[in-house]
Amino acid sequence: MSTQPSKNLETFPNPNPDRDYVIRMRMPEFTCLCPKTGQPDFATLYLEYVPEALCVELKSLKLYLWSFRNEGAFHEAVTNRILGDLAGLISPRFMRLTADWYVRGGIYTHVVSEHRAPGWQPKFDPPVVLPPARWEGFQGH
Amino acid sequence: MSTQPSKNLETFPNPNPDRDYVIRMRMPEFTCLCPKTGQPDFATLYLEYVPEALCVELKSLKLYLWSFRNEGAFHEAVTNRILGDLAGLISPRFMRLTADWYVRGGIYTHVVSEHRAPGWQPKFDPPVVLPPARWEGFQGH
Amino acid sequence: MSTQPSKNLETFPNPNPDRDYVIRMRMPEFTCLCPKTGQPDFATLYLEYVPEALCVELKSLKLYLWSFRNEGAFHEAVTNRILGDLAGLISPRFMRLTADWYVRGGIYTHVVSEHRAPGWQPKFDPPVVLPPARWEGFQGH
Amino acid sequence: MSTQPSKNLETFPNPNPDRDYVIRMRMPEFTCLCPKTGQPDFATLYLEYVPEALCVELKSLKLYLWSFRNEGAFHEAVTNRILGDLAGLISPRFMRLTADWYVRGGIYTHVVSEHRAPGWQPKFDPPVVLPPARWEGFQGH
Amino acid sequence: MSTQPSKNLETFPNPNPDRDYVIRMRMPEFTCLCPKTGQPDFATLYLEYVPEALCVELKSLKLYLWSFRNEGAFHEAVTNRILGDLAGLISPRFMRLTADWYVRGGIYTHVVSEHRAPGWQPKFDPPVVLPPARWEGFQGH
Amino acid sequence: MSTQPSKNLETFPNPNPDRDYVIRMRMPEFTCLCPKTGQPDFATLYLEYVPEALCVELKSLKLYLWSFRNEGAFHEAVTNRILGDLAGLISPRFMRLTADWYVRGGIYTHVVSEHRAPGWQPKFDPPVVLPPARWEGFQGH
Amino acid sequence: MSTQPSKNLETFPNPNPDRDYVIRMRMPEFTCLCPKTGQPDFATLYLEYVPEALCVELKSLKLYLWSFRNEGAFHEAVTNRILGDLAGLISPRFMRLTADWYVRGGIYTHVVSEHRAPGWQPKFDPPVVLPPARWEGFQGH
Amino acid sequence: MSTQPSKNLETFPNPNPDRDYVIRMRMPEFTCLCPKTGQPDFATLYLEYVPEALCVELKSLKLYLWSFRNEGAFHEAVTNRILGDLAGLISPRFMRLTADWYVRGGIYTHVVSEHRAPGWQPKFDPPVVLPPARWEGFQGH
Amino acid sequence: MSTQPSKNLETFPNPNPDRDYVIRMRMPEFTCLCPKTGQPDFATLYLEYVPEALCVELKSLKLYLWSFRNEGAFHEAVTNRILGDLAGLISPRFMRLTADWYVRGGIYTHVVSEHRAPGWQPKFDPPVVLPPARWEGFQGH
Amino acid sequence: MSTQPSKNLETFPNPNPDRDYVIRMRMPEFTCLCPKTGQPDFATLYLEYVPEALCVELKSLKLYLWSFRNEGAFHEAVTNRILGDLAGLISPRFMRLTADWYVRGGIYTHVVSEHRAPGWQPKFDPPVVLPPARWEGFQGH
């Protein structure tokens, strides 16, 4: 099987669409280029979502992240782009992407962006399944 | 007494059905097989529930988890299946299962799924007894 | 002064009954016996309460915990019994007991049980004084 | 300049009374005496408040804490007394004091007490500026 | 390119104004002078905001922080001033600044201040994207 | 099979007597009584040894530790007694026992005792297999 | 490419045989069966070695570890057997294997075993390249 | 029994004088006065010793530490004085005292002092029983 | 000034050649390609050295590490190559490079390699300035 | 008393010159300027020494560190200069200075430098009082 970087994300059917549940992924191997200087940038990405009909396939997600390796991208824009690509792909009930960027200029930056399906509400109150704002295991680079 | 892997879960009567309380279990010894490749998969499971009339018996739970050792199972499906089996067994007021899967393809995955009895509401407001989204002691494998 | 294990809990008057405040106690020295096998069981107990007219006296609490040393007790039942004894003693506005039991059969178990005075509501909204679900310093045994 | 223990707390004008903001102070150097035995007691205090017209001056706060060094004081009473003194001094919108007492009789005790100005509500919903129940960096003595 | 301390903050257009997302920055290199004694003060600053039309440019932010190096500033006032400058610059939907000041007189101080655009409400309920009160990685100096 | 507390330790043959290797055991469930007051004492024990012809059998070790539950024992004496019993049982090349006793009188106590076979030397220089003075995971009770 | 469990370990030539250097591997996915009861056992393995002419190939090492999944094995024996297999395969200058077994009977066990080539000495004094007795990141299961 | 601060330390016979073993004590409740300013100072003390004929009695040690509460003492001098008192009392084979003083002037200070009996050598080589330079659990105040 | 990836490392004169001192650098932004599969690999590098006449210039080191971004490299070979390049460049008294590679196949790998100038000995005995085998802050990816 | 930055370090007599003991100081408030760019640099300094006849006076040390605030200084040179100044001042038996510099160019740098009095040897063997290479509590900035 060929493994090349690719923007072609793949999906698989959600095996339990009747239930609100969360899939969380920590992805410490993200790198792209700074559009201004061409120098490499690095981040750890944290994806959290409540699937509707589809889930994101793991291997294609890995190749998708790889595809940014030689592309220029601003921190805020690329975090929102990836969230947009993934949410557009699977139309989840809820999705959040957190990018923990390596330090630049002595400043450490996170970008945290969310999507919700229009009109969707967590099934229960309080909606404890919604992930907290912090993933266990945030690393200090 | 015979100890064999088994899907036959056992129960015992909830000693305090008049009260909403939480039982939490951390189970670091879960392993099954990847349905695609046949290779072993590993996870730590975290079970949290508010019992109604019944509780899950500890030893049968251990044998039940063992019974997945030679079965193929996708991450999302098996997490929801175990939640379904346990919730079906004891009809709890609330139940949540978190599976913290070992890293694959450089990506760390959690699956978190919940069940609530229809119409059930926590007795108090705010319902502080409902467990938070993170168990203390999440391990980095 | 005699120091013997004893179920006779003592109290002292709440010095500030006009205020909702929380007393939290971490008690790492609890042990009892398994009713099935007679073998010792161990737990760290975490007590949190908002007192009404009375508070639990520290030394009698220590002797009370000691009194379980040679008694058989199931995890769920004894956690609720202790909560019941303490709540019955001082009729607090709010009380929660968390028992963090040592590992058995490869499974780590917590039992968390709460009591509230009927009709009692936290004075403020949001009621930040109510303790969070996790005590700082949960130990991995 | 004289530095003597003193109950005379001083204040300074809140430089931003138009805004709800939080001042948090960790004070690891508190000691007093047990009224029963005369033996020393120790605690780390955590103060958190939203000021109204006044703030607590740092140096006088230090001397105020020092003034308890040779006084007898019960855990619950002195925590509430200090909260009362500070809240009486500056009439804050919100104030919380947490006392983390050193272990006695094998039991670790916290006392957490709050004050709110009558009728005061956090300006926003949800009121994220209100401090969480746990200060980062709680020490195990 | 000239790099001098400067109060001239710069901005760039928010690439995703249609979405509520959070930018968080940890800035451990802040120092100013105590107005009373002239001695240096140090803090780690944590900035968190939901942008509207504009974002804060990283390099100008660094030079802005540098500009306080030789200025006198009280803890509470300067924290609120920086929040005010940044909020005035970009009119964000939400902004919070936390200053974690180094210990003085044996007391550790945090100042936490927030701004919200008038009438702005988080888009969803519960508004999980709003940052929690604690940044991961608070340092003990 | 009967499980009763017992001083009868059992052994099994060292499967690799030709090699210097270390077996380390952390045993958090030790309790005995204070000979002066009759009150319970608690410790976590850490055993580390290089076996000669025999190893300590796990289940009998557990029952042996249990046998101290109702016996009076001073910290220093019982630590050395257990080391003496275990070393007498299996005549190891090297053995060390560390007892981490729960706090008493505000003071935390460790007792660390070692045995070496007369004339025994580690095979290599430097003898890196000899365990360091600290076991990972020392708990603060 | 076929991936089946296999005892056939593979090697590759050491790219820098002129230098004493250390390769360390943490392998959290080891499981075998208890020879007495047939129940699953789990361990995290830590391998550290100074290669001579050969290194252990990563994928074959993974399949080798997998091959123990359905075999009975005592803790001490299997740790030494794996060390023996690996040392026999590549005749390293130095090799150490640490097995951190999951808790059984309330007792946590490590087995640490070493091999050195006869007559081999570290090139320098002190031989700082020899790994310390503790791998960073020992997990509490 | 009277409990008053006292410089009269008491001893008890070493139950195992034939063996080199270490007693370690962590004492977080030490306070004295600064001789220059009269202000309170605080430290956590760590005592480690290999006893000869005598051991330090725990309760008298606690009262001895209490006796410094109202005395003036410089950091370096008082650490060495306490080491001298304790070593003079029991003539140990080895003794080390570490004082971890609370921050003053933005600077955190440790003082570490040792005593050895003239001519005494650890019995074995390497003398692993001698404590390492760091006690687990050093606190950041 | 141009910033392009480059193998041209630069140096500056050691300002204190009369003294043995250590320079340690943690470099979390290393990435190269797997020679077999072409997929990206990641590592954190830790460099520690005692300079002789020259030191490694920081900015050229950063560009040098960048130069591996699109090159194929095996873990063991590239770690030794970088050590060789740096040691060849500045002929240090001592140098050690540790590469902490991200997990592959469920296995976490470190490679640790050292260089010493022929005949060089640390000036003092014991040579405490030589760095320990572990850098504080090893991350779990 | 005047408090101005000053290179005039002061001393006080070592109260226990007959004993080898260690004074360790953690100083998180160091800042100077980069000689190339004029931009601020930050470091935490760790000083460890065995005094001979003199000790470094705390307040003058603080003012001395302050005196670098507006001076240009390279990392390696200034670390060695401070070590030289302090060692020249008090001629200690042993002194080590560790500077933990804030990240620059994505690289974290430590500089560790030592001084010993000519001919001085630690009094005992092994010389456990010599501090280890790592201070507890190294911060990740």
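Remarks
The chains carry the letters A, B, C, D, E, F, G, H, I and J, assigned in the order they are written, with residues numbered from 1 in each.
What we mean here is this: a residue touches a chain if its C-beta (ideal position, glycine included) is under 8 Å from a C-beta of that chain, and two chains touch if they have at least 3 such contacts.
These numbers come from a predicted model, not from an experiment.
Both chain G and chain H are touched by F.
Against reference pair C-F, the listed pairs H-J, B-C or A-I yield one interface repeat, A-I (criterion: more than half of contact pairs the same by residue number).
Inter-chain centre distance (chain B to chain H, centres taken as mean C-alpha positions): 49 Å. Averaged C-alpha coordinates put the centre of chain E at 45 Å from the centre of chain H. Taking each chain's centre as the mean of its C-alpha atoms, chain G lies 42 Å from chain J. With centres taken as mean Cα positions, chain J sits 26 Å from chain I.
Multi-chain contact residues of chain E (touching two or more other chains): 28-29, 102, 104, 106, 126, 130-132, 134, 137, 140.
Every pair of chains in contact is given here: A-B, A-E, A-I, A-J, B-C, B-G, B-I, C-D, C-F, C-G, D-E, D-F, D-H, E-H, E-J, F-G, F-H, G-I, H-J, I-J. On chain B, the positions that touch chain C within their shared complex are 14-16, 19-29, 51, 55, 58-59, 61-62, 123-126, 128-132, 136-137. Chain contact summary for the complex, chain C toward chain G: residues 102-104, 106, 140.
On chain G, the positions that touch chain B within their shared complex are 3, 28-29, 31, 37-40, 42, 66, 69, 102, 137, 139-141.
Residues of chain G touching chain F in their complex: 74, 76-77, 79-80, 96, 104-116, 122, 126-127, 130-134, 138, 140.
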